[in-house]
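First chain written, first letter: the chains are A, B and C, and each begins at residue 1.
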Amino acid sequence: MTRAGRFVPVLLALTLPLWLGSPYFLHVVIMAGIFGILALSLNLLLGYTGQLSLGHAAFFGIGAYTSALLTLRLEWSFWLALPCAVAASGLAGWLIGRLALKLRGAYFVLVTISFAGVIALVSVNWMDVTNGPLGLPGVPAPALGPWSLRAKSVYYYLVLVAVLIAYLVCRRLVASRIGRAFVALRENEALAESVGVDVTHYLVLAAVVSAAMAGMAGSLYAHYTRFVSPEVFLFSYTVTMVIMVVAGGKGTLAGPLVGALIFTALPEALRAVTSWQWQMLAYGVLLVLLVFFLPRGIVPALAAWRAWKAP
Amino acid sequence: MARVESALTLSVRDLAVRFGGVTALAGVSFDVHPGTITSVIGPNGAGKTTAFNAITGYLRPTRGRIEYVGVPLTGLRPSAIAARGIVRTFQRTSVFPSLSVADNVMIGLHLRGSAGVLDVLLGRRRRAAEESRLAHDADGIIEFVGLGHRRGEVASELPYGEQRLVELAVALAARPRLLLLDEPGAGMTTAEKAAVGRLIRRIRDQSTTVLLVEHDMRMVMGISDTVIVMNHGRVIAEGAPASIQAHPDVIRAYLGSAGDRD
Amino acid sequence: MNGLVLGGTYALLGIGLTLIFGLMNVVNFAHGEFYTLGAYAAFATLGLAGAHFVAAVLAAIACGVALGAVCELTLLRPLRAESIDTTMLVMIGVWITMQNGELLLWGGVAKSIPHPFPTAPLVLGPVSIAPLRVFVLALAAGLIVASYLLIHKTQLGMAMRATFQDRDTAALMGVRIGRIHTATFAFGSGLAAAAGALLGPVFLAYPSMGDLAALKAFSVVILGGLGNLPGATLGGLLLGVAEELGAGYVSSGYRDAVGFVIIILVLLLRPAGLFSKQERIG
């Protein structure tokens, strides 16, 4: 992309709230950003180390609840609660990473689902802390000094910065010796070990970073919707995340973001036309079709098509 | 025959491996001396690859001691053993399939880099310098094994013989002091085997000790300094190629088990 | 006692899944949906005038078997060479599709499946239990026995066992692997549907009932060991009883956690399953 070519989208992104008109579209973009971070985090595990986690909703939820509880009950500032939420989910990721040491493939998937299930049940039943199914309303919006970041147009920038951070972290990791180690684990673990790649260290690292990122997304979500309930653990969130990564292109950096945009905008666009169930039904069919016809995802397919067109 | 060596490269004592009711190794002892090419031969099922797996940490031995330059290896994970300078290849072609040859070798260079998480996330200049150094090293190794013209190709799409060269390049990238090759000539044409043999000698000349398992007798006798013969999980002979070829136990082992050879 | 009822149906779910997972190496995330399908099929059949309860169960099984076969033929067979991740994703797709299909067809409101049994509990000594549950237990037991007979006494069963133990040799001996796969998947799905038809009237039928059922099926499989039929049976019973005890002593909200915790603990401590005696060689 030429410099001018890169400049325009950046300018558009920076000035988005000014030209995007309705707050509804802004809402969609913000949600796309939050899901983009989630998709990037899942991609780190799935696309790079090759482990499928279907429990990422757990990290998302832990981040959301931690952040919400700290600001609601202990009246901490958002800027303190966010890192704590990241740390809490990072810790959970560490746990899963250590579990992953013994398990691969389907068994790992099952453990992640079970983990998410247990966390979900805890959030529903631990009424004293989490208020159970009623959830936690009134989560305060972040404030920067005297200015509240409550307004959508302002929150947009917060999410934009977060997406940038997440993207940069992923890109730096992937392009480094660490990223190579991740991929080595996915491609041929025994061979990787034979040249000195410490499986434990790198799997745990991937899990921690991935979970921490998801926790960040959770905190942003909690302070945006200002309401947290066990619904964050709904499997449909996990499913959506997986589709975003798989459809967008796992193992690429742009893929999850593209996937997030498409699958946040698409439901909104379809909402006027059909009901939510038809949409999820379509997702299911789409997932099957993707596996058959576009297994590497949209971004790699586009790249391949471009390469084919310009030899 | 007692040999007093101040720096024995690899010392294996009474190595035994059992799974369930099967004894794969029944107490194997041998030494690998630095700067040599040692070959391990024997009929199928003699326990050769099992020994490799035990030495390099892929299998936990039931009994026995493995020491490298005086430091015990038993119980260490493969990656820790690699960090001590012992690298192995695998019996069946083992590459990183969807990556290019260059990327394959870059992974082999893993231990030669030092960038940790913080370095990666924050630092820029030092990381960039290290990355270019590693890329340069990778090119050197790729040229050494003769795959310069395949640098950017995807490993799994290469012909069999070249894939095995990729495997060798990856192992060499880890700068082993002791290189264990598991059937480096398997499935290769005579010409390819000769080329591999020459490569192995060049590797030895660069001060890397080589221990290999192989079935091709001509290749083995042609390049080895020492030959170790195994059968039924035991060492039955050890010595220079000429003496092994004339050894009665060895001849019996091969003739006796002619029925189940490959 | 209720634990046994639950356990019997869990055993059915587990047997089906352990065969599919063990023999075909497919992580069948849609297993729970066949369970749900069974319940709804029973519901639909009973809706037809004067259908007998047993007929409804049979209809459910038939649906499960048919749809299972279709799934295997169209989706799984072409992907046989792919990695387990790919098949996982496909089955997740099937899961979502089926669940939302059911949601659309029958709505999200839970349905009560009518049954012909009196609601007054039978009193057998110190235990009182609803006649429906006795029937369910009896039928579940019957189906379990039937499964055993199929696996151990029929030629199909022998072929399945052979394929499980050593696929290549079985193929060399003339076993049509493709057909075995289809049969296994259909059989497993049929059992799941049966479980759904049996438990549906005990509880209620709603589209997401399959999610928990699937997880419990996986727990049972993990408990009993992959491909281990008696293990799955015992595991199912164990899980059912454990849940009842857990609900009684700890708190009923956490009853479903038992399954999750089992998965995590067993995989961490004894990945081969509680009842496996085999040691893996190599």
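Here is the rule we go by: contacts are C-beta pairs under 8 Å (C-beta built on N, C-alpha and C of every residue); 3 or more make two chains touch, one makes a residue touch a chain.
Note that this is a predicted model, so its numbers are computed, not measured.
Across the assembly, the mean Cα position most removed from that of chain A is the one of B.
Measuring from the average of all protein CA coordinates, the nearest chain centre is that of A. A separation of 42 Å divides the Cα centre of chain A from that of chain B. Annotation: 33 Å between the Cα-based centres of chain A and chain C.
The distance from the centre of chain B to the centre of chain C, with each centre set as the mean of the Cα atoms, comes to 48 Å. Not a single residue in chain B touches at least two other chains. If you check the complex, the residues on chain A that touch chain B are 169, 172-173, 176-178, 180-181, 183-184, 187-188, 190-199, 205. For chain B in complex with chain A, the touching residues are 56, 58, 77-80, 82-83, 87-90, 94-99, 103, 106-108, 110-111, 113, 115-117, 120-121, 127, 130-131, 134, 170-171, 173-174. Looking at the complex, you find that chain C touches chain A at residues 21, 27, 75, 78-79, 84-86, 88-90, 92-101, 103-104, 211, 215, 218, 222, 251, 253-254, 256-257, 259-261, 263-264, 267-268, 271.
Considering their complex, residues 50, 52, 54, 99, 102-103, 105-107, 109-111, 113-115, 117-118, 121, 124-125, 235, 239, 242, 246, 277-278, 280-281, 283-288, 290-292, 295 of chain A touch chain C.
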